[in-house]
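Structure record follows, encoded as structure tokens.
Labels for the chains are A, B, C and D, by order of writing; each one numbers its residues from 1.
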């Protein structure tokens, strides 16, 4: 009897966890019905002009803002994370490497709101007053903050992915007279190309999903920035801001579309990562 | 009287044929040793006896197997036979000591509580009896709460034996129980096994012909998943 | 010089430089917060002018103190983990031990998708659900309970993944010996596999607590407010540390309040450092 | 009177302290009541509500008042959906909103929308036309307004804000779209702290929020004081409202009644608004 009980309870919980995604998706689709039914609105959604009073609810600049911010943050976070991962794996002397791991874990544990807060009070005024780069609240400020926040996470992710291979090959590398940096750069990294790519995808998901830094630091202007010192608005921040609108309005309906766009991105990342690991599973 | 009898028994996992057409009889209350080079199918055969391949994806067993337990004839692979019930009657000790995480006492207490659920007073008796039977009692009676991992290799293996014995099986399967031990510990275990064979039907896997000759009442030789006539 | 040697030296130099930079960054953040928080770091930080003991239990309202936000955050996290943990351990068991084949893979995929979902979308869903629920149950409102449920949904996939992965990584021998001992599947799961997997589940749990503690986007819509005092029940609105920091960063009323926001950031950092230290200790203990 | 003068604040406080023994009855409108009162919406209202919440909690701990911002849009949305008891707005709710949600507005104060710059900025006055050019994006250098040769940093509010609605409505009119390149902040308080920290800043916010950290501009020669707002000389004026869904229940009703008492009016004045009673 207890056999059945556990199996049933587990299946029930598993069902809840699995259905949550469908439930969210269905809810967004259903709530957004007025949008999908109106071709004029749908066309407007794809545009870049946001002026709900005039019936224009274009999400294109926000979608572009999301991609710009995520890409630029990763441009900073990924190489830095990789270098830091290498240094914890073996480039740094051993006691230092252990200290580095602690440091990275501590940094990755700092709440996002703290990064954003420090950025508002330190980075933004510095960009504006000392460097004279516009208003401070900008693509640049948000990208730097998000990049710095993501770096330790990327580093831990990569060092976790690389360390089994590194440990496995270390004796062989030593026997061949390879230095640590040689082993890491010319043997481990090429062998773990897929792991490198899937870490990139995974962290891009985090970058796209961030709300707080975008909301607090990016300036939120609905506008496609011409250079990094200008403000931008991301989809997530747009949702947070537009939530204040009338729930029956077209502007509000547009945030269902924005949510679905974000979900589509998450799904895309997931399936790319999954296909990567499938292929590597086949190869081995 | 033979305790284990099989006829045309085969095992395949996916496309790999691990055992083909094994037919043999093993005597009760005797020690039978399965001998052969590694990969010859000894361990696979041993695990067929207590249905340990059940959870392996793609494993298929065909042919006939009967065990005689408490005078009854049991067909392990017939529909009505519960593998859990079967495994409680057919104990097993692995190559390397497979301890549960936790103390020495926990390793014995947990299975017996879950399987037999005896009253408290009897529990202590059973533990002592099993440890005595495995000739471990004198070494560990003062420290049942110590982590099982703190025991030496030979002690760990005897603890595993005690853990199998505490469930009062009739058949005991031993998968190269001395392979990871030094000479002294091996001979301790060998002596122990010899002392057990009057009470249990023992089936042991070994890759060491000298050890087999020293201990066995019956020797079965495997090669490439088939029997070699001895 | 061989170009490879150049690359190798550059990589070593850069990684050392970066390591130093990030160590400096941690110090910079800490020092900056400490400096900003200094005026607020006194006996009045948590309770303002209210007497400590009555304020602690909510008998006396606290103004100009961090206690309501701290307590709100702690209640939220406790509730959310309390809801998510049993559910996700059961779901993790289902995925690791019962779900097989195509359905099993689908279950993995869905939970991984849930893990990737932006938290603001999670909050939006919670908010829309409560609006719908009000059609049936007019009393339903955004509250501590709703926020906790949504945060539970946020951390659920992390906990499910932690449970699933820890169970999968158990040595095959442990499974064989549990089976050879004649334990039924449920006995083996409950008495052997779960205890053996518990260190992994626990560190997943600590990660989840960290996520729940720092989240703003979910609670933004589901019941957090700028000022209310201690929540009197599950159905009350509540304050939370990260929300306080976010709001005060933009619209502080005076320097004292801003200093409190710095102190709140420091407090939140200490809490996450504490979680990290706990995780370390647990890992050490499970290794020994 | 450029800033909220210390004297006024002092006299407000004085009035409060002096009146306390005499008007001990004012806070008694909450007597015998208990439960929770949730208020959300306009950010200009927050200081007033917080002050009242403190007064109430001292005299009647059985009442729990929660307050949060979000903007006037949030106020209408949340009170309309019944999620809070009172939704505050920095504008009169529209006839459509009243019809859809059965809102009942309560006009309690008058507030001008001030235009403010960094204290170091030499510019003192701006005309409505200049203001329109600045916020529509036509003018983007302080030199055009008589200031230094430096770019103008525009700070605005998001669409949920009534301050924005009033400002855009009165300054830009229907036909001019606000400049896209405007940094958006989430509350009146946030506008103040952003302007205070940016030398090139210009932004708008409720007059009640003004203090010495920022410098308000006079518009068309009229100083942004509540007196000028009341007389109609100052062009950008709006009302502050508390809205309930239908007739207010006992607790919200007591809250609204309290605003009308001397003590309530003192609190309103103390935060730089003019009571509308």
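Please note the rule applied: a residue touches a chain if its C-beta (ideal position, glycine included) is under 8 Å from a C-beta of that chain, and two chains touch if they have at least 3 such contacts.
Computed from a prediction, not measured in an experiment: that's the story for all the values here.
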Subject >> For subunit A and subunit D, chains touching each >> reply: C
Original post:
Looking at the contacts, which chains touch subunit B and subunit C alike?
Top reply: none
Original post:
Computing the C-alpha centre of each chain, which chain sits at the greatest distance from subunit C?
Top reply: B
**OP:** Can you figure out the chain closest to the middle, judged by Cα centres?
**Re:** C
**OP:** Could you tell me between which two chains the number of C-beta pairs in contact is largest?
**Re:** A-C
Subject >> Distance from subunit C to subunit A - Cα centre to Cα centre, in angstrom >> reply: 17
Original post:
In whole angstrom, what separates the CA-based centres of subunit C and subunit D?
Top reply: 36
Subject >> Rounded Å distance, subunit B centre to subunit D centre (Cα mean) >> reply: 82
Original post:
What whole-number Å value describes the gap between the mean CA coordinates of subunit A and subunit B?
Top reply: 52
Original post:
Using the touch rule from the top of the page, what residues of subunit A touch 2 or more other chains?
Top reply: 243, 247
Original post:
Residues of subunit C touching 2+ other chains?
Top reply: 131, 184-185, 250
Subject >> Sequence positions of subunit D contacting 2 or more other chains >> reply: 81, 186
**OP:** Pull out all the chain pairs that touch, please.
**Re:** A-C, A-D, B-C, C-D
Subject >> Partner subunit D, residues of subunit A touching it in the complex >> reply: 51-52, 125, 128-129, 134-137, 219-223, 230-231, 241-248, 251
Subject >> Partner subunit C, residues of subunit D touching it in the complex >> reply: 36, 38, 40, 43, 46-47, 50, 53-54, 57, 61, 64-69, 81-83, 185-190, 192-194
Original post:
Which bits of subunit A are touching subunit C when the two form their complex?
Top reply: 2-3, 5-7, 9-14, 16-24, 27-28, 31, 80, 83-84, 86-87, 91-92, 96, 100, 103-107, 109-114, 116-118, 120-122, 148, 151-152, 179, 181-182, 185-186, 205, 208-212, 216, 236, 239-240, 243, 247, 255, 259, 262-263, 266-267, 269-270, 274
Original post:
Which of the residues in subunit D come into contact with subunit A in the complex?
Top reply: 70-71, 73-74, 76-77, 81, 97, 100, 151, 153, 158-160, 177, 180-184, 186, 197-201
Original post:
Where on subunit C does subunit B make contact in their complex?
Top reply: 173-185, 187, 191-192, 195-196
